[in-house]
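Two complexes follow with chain A in common, the first pairing it with chain B and the second with chain C.
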Partner chain A sequence: MINESISVIKVRDVLMVAMPGDPDDATVAALQEKTLLAMEQHEVRGLILDLSKVDTLDSYFARTVTETAAMVTLMGGDTIIAGMRPAVAITATQLGLDLGVTRTALSVDVALEMACFQPGQVGP
Partner chain B sequence: MVAQAGGEVAILIESDIVSARRAVRESASAIGFGLTDVTRIVTAASELARNVFKYGGSGVMRWKFLRDGIELAFVDEGPGIADIEMALTQGFTTGGGLGMGLPGAKRLMDEMVIESSPGLGTTVIVRKWKKV
Partner chain C sequence: MRDAPPNGSARLTGRDDTLEMLQLLVVNMADYAITMLDTEGHVLTWTPAAERLKGYRTDEIIGKHYSIFFTDEDVAARKPVTELEASARDGRFEDEGWRVRKDGTRFWANEVNTALRAPDGTLRGFGRVTRDLTDRMRTEEQIRKQSQEILEMATVPVVQVWDGILLVPLIGMLDSERTQQLMERLLVRLTETGSRVALLDITGVPAIDSLTAQHLVETIKAVRFVGSEVVLTGVRPSIAQTLVHLGIDLAGVVTRSSLTAGLRVALDRLSLTVVASARGAQADHQ
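Take a look at the complex of A and B:
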């Protein structure tokens, strides 16, 4: 099985992490470590998790996302989950997923705006 | 009919969960389920395939087309479920997870049948019907 890769890009003061569409558990687990290491390395203030390519968000994947957000908080950062597709949002809610207090945005575009221009949050 | 009427995916290693998801996505799409229902079915399959791998050790997922829907069967020869009613309770887990796999899959599908005997394994059958 080909391990789909996770791309982590630094934009201004935030990290953008794009999740692949259909990752295996190992790839999902790698998300956490890769993201936290990048946080430290680039000294960014927050993280945008781009889920726009994700077409299956099961409980394992969702738990890793919320855990990662909690870990980012511990490191002093802020997380925005962006771009969840309608079918995924419907399914996730019926499955019983709870993303907790994690902030969300319709798209990466909106998330970047939230991250860069909201005083007291991520960004200047 | 162009699409195959059924098939199976062996669940032996963790990445087979992805293979099971892909097979289900392909077949559910092929018989005309809409994107939201396909996502529901694939997500339920992901939860149940992970249960096979995590609790059963290994097993198989079989799928087949019904007249107006799809049926997925997840079969393992693991330790079985001691208390099915408990296992269907939201938040109950023996594996350190969130405890939403089985009850969540039940909500996403239209029908669920669980057969399990301690020591003999577990079979979970789920069905989804096309809304006309």
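Take a look at the complex of A and C:
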């Protein structure tokens, strides 16, 4: 089944995903599948995951985000989580979310400025 | 048997003209609305002060039940009934709360209800003194709000020191509640101002225990989640020793002993360089 509530967009050499406000389990599952598929199809430096619309975070979503980031790293890309809201960040801390090497940014704008997505940097 | 109510045996003494003066006092008392109720709570007397306060004219209110002055919630809670019962039982009942004017607006009232008994002890009715304390209430509320704000600011001050750099100078012990406040305020301010670096200065924190350290680590993590970075400054030797002995994992967190060094890190993160102006350099040479 193809979940239409989420889409992975390739902009230049970066993948972008904007999560909807209150994603259900199917949407969260689709996030991982679609992202990895796009990583395989395109030559990109990495993924920007925009969480600025998200206002609730459960353990399944949190785990999927960390897992997906780890998988993207294995496929040779960097992941930046952008725009997480304060309330969600507090929940994430309480859930014990561990981002590992995943980087974060205040917004997608800031994420795009970050070194790993700048042209001229060593990428795939 | 209870004691005879004071107003049962006490009589007003004085000449007729002084009794008349007493009546004038009740009627003309500007700050107190003094009314009398019958045993069931119907309004028997009315004064200009009562009219000013509650909005009803004498001919409108005489004979009406006094529950008309109460809010719907209070009436539903049978407050008018229980107040009279309490006054009859104890001789007196005092209460503070919202009351309703004729036009539906509310005022904050202090009310004293006194049971009026005949010399033989039979209940004749009630005397009711109402004072409008709305202004006092508002002032108190404002003071409470201001002190709350001051307290909050003193507990968790978050200061913007540069575009993109926030400073949190923490002073005193950090307990769970305070760290929770810190986390919330800092995250909100970081996202509001779009600041990439938060300087968390613990120079003024006398000691750190494992719980405090845990709270700090959580705050640092949460800051990372929203896309900013904490630079922990003011790490004195004793604090450094404690952190290591407690086995607190601060890997990945930039820590510095002085705020100056921390600020340098923050400026570096934003690719900013501080350069002495030419004039300043000349002055140094002379």
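We adopt the following convention: the second predicted complex is superposed on the first by the 110 of 124 C-alpha atoms of A that agree within 3 Å, B and C clash if a C-alpha of one lies under 4 Å from a C-alpha of the other, contacts with A are read in each partner's own complex, and residues count from 1 in each chain.
We take it that a contact is a pair of C-beta atoms (placed from the backbone, for glycine too) under 8 Å apart; a residue touches a chain by one contact, two chains touch by 3 or more.
Since the structure is predicted, the reported quantities are computational estimates derived from the model, not experimental observations.
J.: After the chain A overlay, clash or fit between chain B and chain C?
T.: fit
J.: Which partner does A:25 contact after superposing on A: first (chain B), second (chain C), both, neither?
T.: It touches chain B, and chain C stays clear.
J.: For the overlay on chain A, what angle lies at chain A between chain B and chain C, C-alpha centres, nearest 10°?
T.: Given the fit on chain A C-alpha atoms, the answer is 50 degrees.
J.: One more residue to check, A:95. First (chain B), second (chain C), both or neither?
T.: first
J.: With both complexes superposed on chain A, which partner does A:56 reach: first (chain B), second (chain C), both or neither?
T.: first
J.: Taking the superposition on A as described, I'd like to know which of chain B and chain C A:86 touches: first, second, both or neither.
T.: So A:86 meets both chain B and chain C here.
J.: Closest Cα approach between chain B and chain C after superposing, in Å?
T.: Shortest inter-chain C-alpha distance (chain B to chain C): 8 Å.
J.: Indicate the residue numbers of chain A shared between its chain B interface and its chain C interface, in ascending order.
T.: 86, 88, 90, 92, 97.
J.: For the complex, which residues does chain A have touching chain C?
T.: Contacts found on chain A: 81-86, 88-90, 92-93, 97, 99, 104-107, 110-111.
J.: Which of the residues in chain B end up touching chain A in this complex?
T.: 14-15, 17-19, 21-22, 25, 35-36, 38-40, 42-43, 46-47, 50, 90, 97-98, 100-101, 103-105, 107-108
J.: For a test of understanding, state which residues of chain C touch chain A in their complex under the given definition.
T.: 183-184, 187-188, 190-191, 194-196, 218, 221-228
J.: Applying the document's contact rule, which stretches of chain A touch chain B when the two form their complex?
T.: That would be residues 1, 22-26, 55-60, 63, 86-88, 90-92, 94-97 of chain A.
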